[in-house]
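The same subunit A turns up in both complexes below, where it pairs with subunit B and then with subunit C.
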Partner chain A sequence: MKKSNTNRLGWILLSPSLFILGVAGLAPFFYVIYVGTHSWNIFSKERGKVFVGVQNYRDLVFDSAFLGTLSRTLFFSFLVVSIELILGFMLALSLMKDFRGKTFFRTVYVLPVVVAPIAVGATWRLMMAQGHGPVPFFLNKFFGWEFNTGASTTQAWIAIVLMDVWHWTPFVTLTLLAGLLAIPREPIEAASVDGANTFQMYRFLIIPMLLPVILITVFIRVMDSLRSMEDVYMLTNGGPGSSTTFVGLHIFRTVFAKQEYGYGSSMSLLVLYFTIVICWLLFNALTGKESKKK
Partner chain B sequence: MITNSTHSKSRSFFTSLGRYFLWTILTIFTLGPIYWMFVVSSRSPVQVYDKPNLVITSFYAENYTKVFEDRVVRTYMVNSLIVATTNAALVTTLALFATYALTRWKLKGSDSIFFWTITNRMAPPAAFILPNFLIFTQVVKFGDFMLFDTKIGLILVYCLFNLPFAIWLLKGMLEGIPLELDEAALVDRASRIQVLFKIIVPLAAPGLAITFILTWVFAWNEYILAASLSSSSARTITTRLAEYVTTTGTNYGELAAVAIIATLPAIIFLTFIQKYIVTGLTFGAVKE
Partner chain C sequence: MLNTRKRRSLALASVISSLALVLSGCSSSSDSGSASGDDAWFASAAEKLECKGKTIKGVTENTPPGQYVKSDIIPAFEKATGMKVDLETTSWDEMYSKAINDMEAKTGIYDFVYIEQDIIYQYLKNDYLANISKEIANNPDLKAPSFDFAKFTSFINDFKNADGDVFGIPMEAFVKVYLYRTDLFNDPANKEAFKAKYKRDLVPATNYKEYQDIADFFTAYGKDKELWGTTVQAVTGHPASFYELFESILPTNGVYNWGISKNFKASAAAGGSMNSKAAKDAFAFWVGLLKDAPPESKQSTWTEVGTTFAAGRAAQGWVYGENVAWIATDAAKSKVVGKVGVALPPLGNPQVLADSKSGAGYLGYYDGGAFGVPASSKNITCSVLFQQYQGQESVQAKWAAAGSRIVMDSTYNDPIVQAQDEKTNGYYTFMKDQGSLFRGAPAFPFHTSVREVVAPFIYDAIAGKISTSDALDKAAKAADAEMKKLGY
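Presenting the complex of A and B:
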């Protein structure tokens, strides 16, 4: 049925999407490449763009502020995605069983997914605010702890990790649950008859069958956590110091506060490159798995 | 999920007790921040700075009436509604065509095309604001018209993160529809387009609904691009939320009221698709 002369309709159907992504995605992308090879700061003596070749990238490699935010972002991604994956898996398993009120619990539990990141940040900021936020107040009242996300790096990190886990674990749970519901029953029942214990069942059957779903979930979460900035910006404003300044916010400040257009562009290209490499590895792991199955 | 008949009844009683304990804790943890937002929205500007009180003793409705009477908020809500709905409809339609092409034809390099569409979602938005801003203000300009501060501009630029997601979601869905159905219809002399609308669309309807609503939510919630690619006439509700923090001083009560109002439509939509959301989110990863 796949004759080459009918391929034209396929391309016609595909073309509107490619056209829009080309205009909205590729044009700015090439422009960012172009600006990335220039020094362009409207506050400097030369008003316009000055071609500097790869100088921006040479500077980036030694820019400790940028490298700091980049490694911090990667660590944050790794941390929250691991926590969300483990928690999400356990909760998805719990939702596989039928129990009274399950629909209610699930509906409530999924709510955070649809709240705007900027509203999430605002909410958590109100909860953590000194003096009138409930979290520092009650921690102090009952345990005598000083909780101040504006002063302690550790506590600021606890706050943003909790916020991210609150916001996105439901999404992870849903995708894993969808995966669990779709995997075939027969091998599990057969293994159960053969006397496999629970650990063996998970280790050799359920997790391998679920692996594509796990990889896709990680893919989406890694991709989105590397580019997000609004919620953390609202909660901690990148502080205390620069301890929660992630790469998205750092680029935003470089481009808009410092007006370093060229340098900011080269920065974001590097970040995009890292994201694509990580996701490409995940994507290959995914398609490799699929082709093996066939 | 794994049942073992040798377990005694008392053990299953304790596991179900544990399950309810777990889900009650989770519900409290989930609703806590949302509840606090509601509490703050019920407080007067003076009460907000008091010691935190978890109980709502009096309701300061002025926060809400002020927000509703604010013409700016109303305009922004309408803008958000138009932008999100148009974008979601556009994205779902385009993604349906694209995934139909990707799953029904062996197009050259379709795997690479698929991956490339996803990479559009990976770009850090901060750096792409500047080129988009220049394109919006200087490149696309016909006389007095420019793309900057128009809803069309936002609708187009939101495709950047929504279209890849929609294509991904729908690709899994369409791969799940057996090719034999297509072939049977094609033998009966149906055209490819007829197959798409008579067979694929009805079968993928739940998936299309999920795609529409999730992309709608993403578009509704977007902030950075809306804030930088609009100035007054196309601004969306999320930018108003940020304005409460930055420009008008932190008026926490009204901020919370806006946040609640901005979140409500998404929550209403979510409850509509509760039934389908679980089965629809496999992204085509598990094939039986």
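Presenting the complex of A and C:
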């Protein structure tokens, strides 16, 4: 009886959160699933939603534009997450040590994290714009380089990778720093007494103990980078050509420019599926070895 | 503690800043009254129609004409009627996205939206808009004596349905002109050098070859002067490049209506002309101009083309008319004030001029738009009241001078416009006399959908990933597939 009352109270206390989750989270998700099974282009001859089952998904498998953006996004994600992880880890290690102006540096360093991606994109665009941007101007003045993100695919990629790394490395640093600070000192001291060198300590102690934090950080960054849209939209608009058109921007254009709500919804769901699969593969790749040992 | 000198300085600074604030307030209030109309009637109508105190919300593109509505017409209307008008001026794509999503979902957020001439056919097909003619006809209290549909140019016909009812009150209309630098073209040394090299006079080009020569000449001339031979609206990832190609360049070589036939076919093999030889030649010519264009060209929409020209970085180019007035007259924004001339665009095929005169074709883009009232608006009557205010003859001249747009024939004769005409080397006269040779977008109900499938191939050709010929072949195929998919 007592247990039943406690359960009821628990559900009552949970109900506002569940209600908000249902309205703001689950309802739109199920609506996207519903729309994804329809052909709904407001400019087609026949107006309104027409049920097409899984036809949108069949079309997606042969849609070279979509597949192109998807592979581009995966490559971008792999590139930026790898760089951010390495840089973030090195910076987290350096922040473990005391040095003059550390607090000030840490504050300034994390500022990009709180800037909205659209503002980051706008700022970088102003810096990189031909004609009045300082970056092309100084690169040309001092090195004679022509830096034009509107004309060169390589330079556009350099620009967006740099922008993403600048924006998100501080986040990686912060999470890894928190993980490093939480590692108990005793095993490290014991290893040191036993004669372990620095590489062995990192290889067999610090990194394995940091693995849960690394995993969470990688998951968050992979999911974020797969959704990259606003900052890239501002900086390169997906160009030159379609060389920096990532899947988020492609979906945005399908839904908002072409007004193809059904097809766009199916794309969103497929990308969600890919994201889950990638995270699952990553999880297994990073933890599988340890599990086998156990 | 501040010393006496610092305190005095601070006091002086605060007095000066207060005075500046007061003066700026005075100036803005006087500006707000610059749009004049039959204010007394609108004040009484707002009372009678219970619009006083209400807020109507609109969305338009952030262009010189749109900015004028916000800075001058709306304050004057608000002052006269006691209504509030909340107008969002935003980027072109954002504006469309907001307006279409609102009208499709019938949320009723907007009480008026900018309708560009090219998209009206989609809106009418989808019953997005309120019938302004009927709203006025059915409510005698709403008919403003100072407003008359008949005063608009024939451009208003683009916003009518088959029954002749009006669904949008024109607020801007202009042509995309061939703009050139008169100071450079009239410079004796340039004239002499050009003649020595090309064996003809340095005058605005009438065909592709002449245009290319002039572009080459000024690119070489401007090598150390931050000057290039031409503008090119060649941004990739934004439809602006699609529009310059399909609405300004292809028509000059006889490819009209985007190369889509009356039975909705784009491929040459199926009866269209999107990938015809004429289209491919014109596209190759246009992409070829990029070597004579400033480096920002591949990031330039219509706005950046205007700013590039105003910055004195190009000798000639296709420039939207809405930018001509400020480029030619606003010294605060433009380095080429008093140094621009307008001409007909160069043609790839001389037959185009005859086609344009006979009405069988056109040689450039006649752009414009109107304010329409979404059928989903909850304030249709009050919004129509505002549309009539901005559609009064008396508010047109200053608006035309600020935004180089004309929607009424009578505006051409206004002294304000005539004075501006002189400063722009005859842009307004050009529009009046030659405007009929230009035309708006074809009446396609699938405008956006086809544009979106074709544009990526254009972007890839600009980026050099595929040839211009391949791009048009693929574009035509994609357009045919899209039209079929949409049921046409």
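Keep this in mind: the second predicted complex is superposed on the first by the 263 of 294 C-alpha atoms of A that agree within 3 Å, B and C clash if a C-alpha of one lies under 4 Å from a C-alpha of the other, contacts with A are read in each partner's own complex, and residues count from 1 in each chain.
Here is the rule we use: a contact is a pair of C-beta atoms (placed from the backbone, for glycine too) under 8 Å apart; a residue touches a chain by one contact, two chains touch by 3 or more.
These numbers come from a predicted model, not from an experiment.
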_First, second, both or neither for A:Gly131, with subunit B first and subunit C second_ = both
*Could you tell me if A:Thr245 is touching subunit B, subunit C, both of them or neither one (first, second, both, neither)?*
second
*Return first, second, both or neither, reflecting whether A:Gly150 touches subunit B, subunit C, both chains, or no partner chain.*
second
*Determine, under the contact definition given at the top, whether A:Gln55 touches first (subunit B), second (subunit C), both, or neither.*
neither
*asked:* Going by the contact rule stated at the top, is it subunit B or subunit C that touches a larger number of residues on subunit A?
replied: B
*Report, in rising order, the residues of subunit A that make contact with subunit B in one complex and with subunit C in the other.*
131, 256
_Touch list for subunit B against partner subunit A, complex_ = 1-2, 4, 16, 19-20, 22-23, 26-27, 29-34, 36-37, 40, 48-52, 54, 94-95, 97-98, 100-102, 104-107, 111, 113, 115, 117-132, 134-135, 156-157, 159-160, 163-164, 167, 179, 182-183, 186, 192, 217, 220-221, 223-224, 238, 241-242, 245, 252, 255-256, 259, 262-263, 266-267, 269-271, 274, 277-283, 285-288
*Inside the complex, what are the residues of subunit A that reach subunit B?*
1-2, 6-7, 9-11, 13-14, 16-18, 20-21, 23-25, 27-29, 31-32, 35, 91, 93-94, 96-97, 99, 101, 103, 105-120, 122-124, 126-127, 131-134, 137-138, 166, 170, 174-175, 177-184, 188, 192, 198, 201, 209-210, 212-213, 215-216, 223-224, 226-227, 229-230, 234, 247-249, 251-252, 255-256, 261, 264-265, 267-269, 271-272, 275-276, 279-280, 283, 286-287, 290, 293
*In the complex, subunit C residues that touch subunit A*: 93, 96-97, 100-101, 104, 122, 125-126, 235-239, 294-299, 308, 311, 313, 445-449, 452-453, 456, 459-460, 462-465, 485-488
*Residues of subunit A defined as touching subunit C within the complex*: 41-47, 65, 129-131, 136, 146, 148-151, 153, 236-243, 245, 253, 256-260
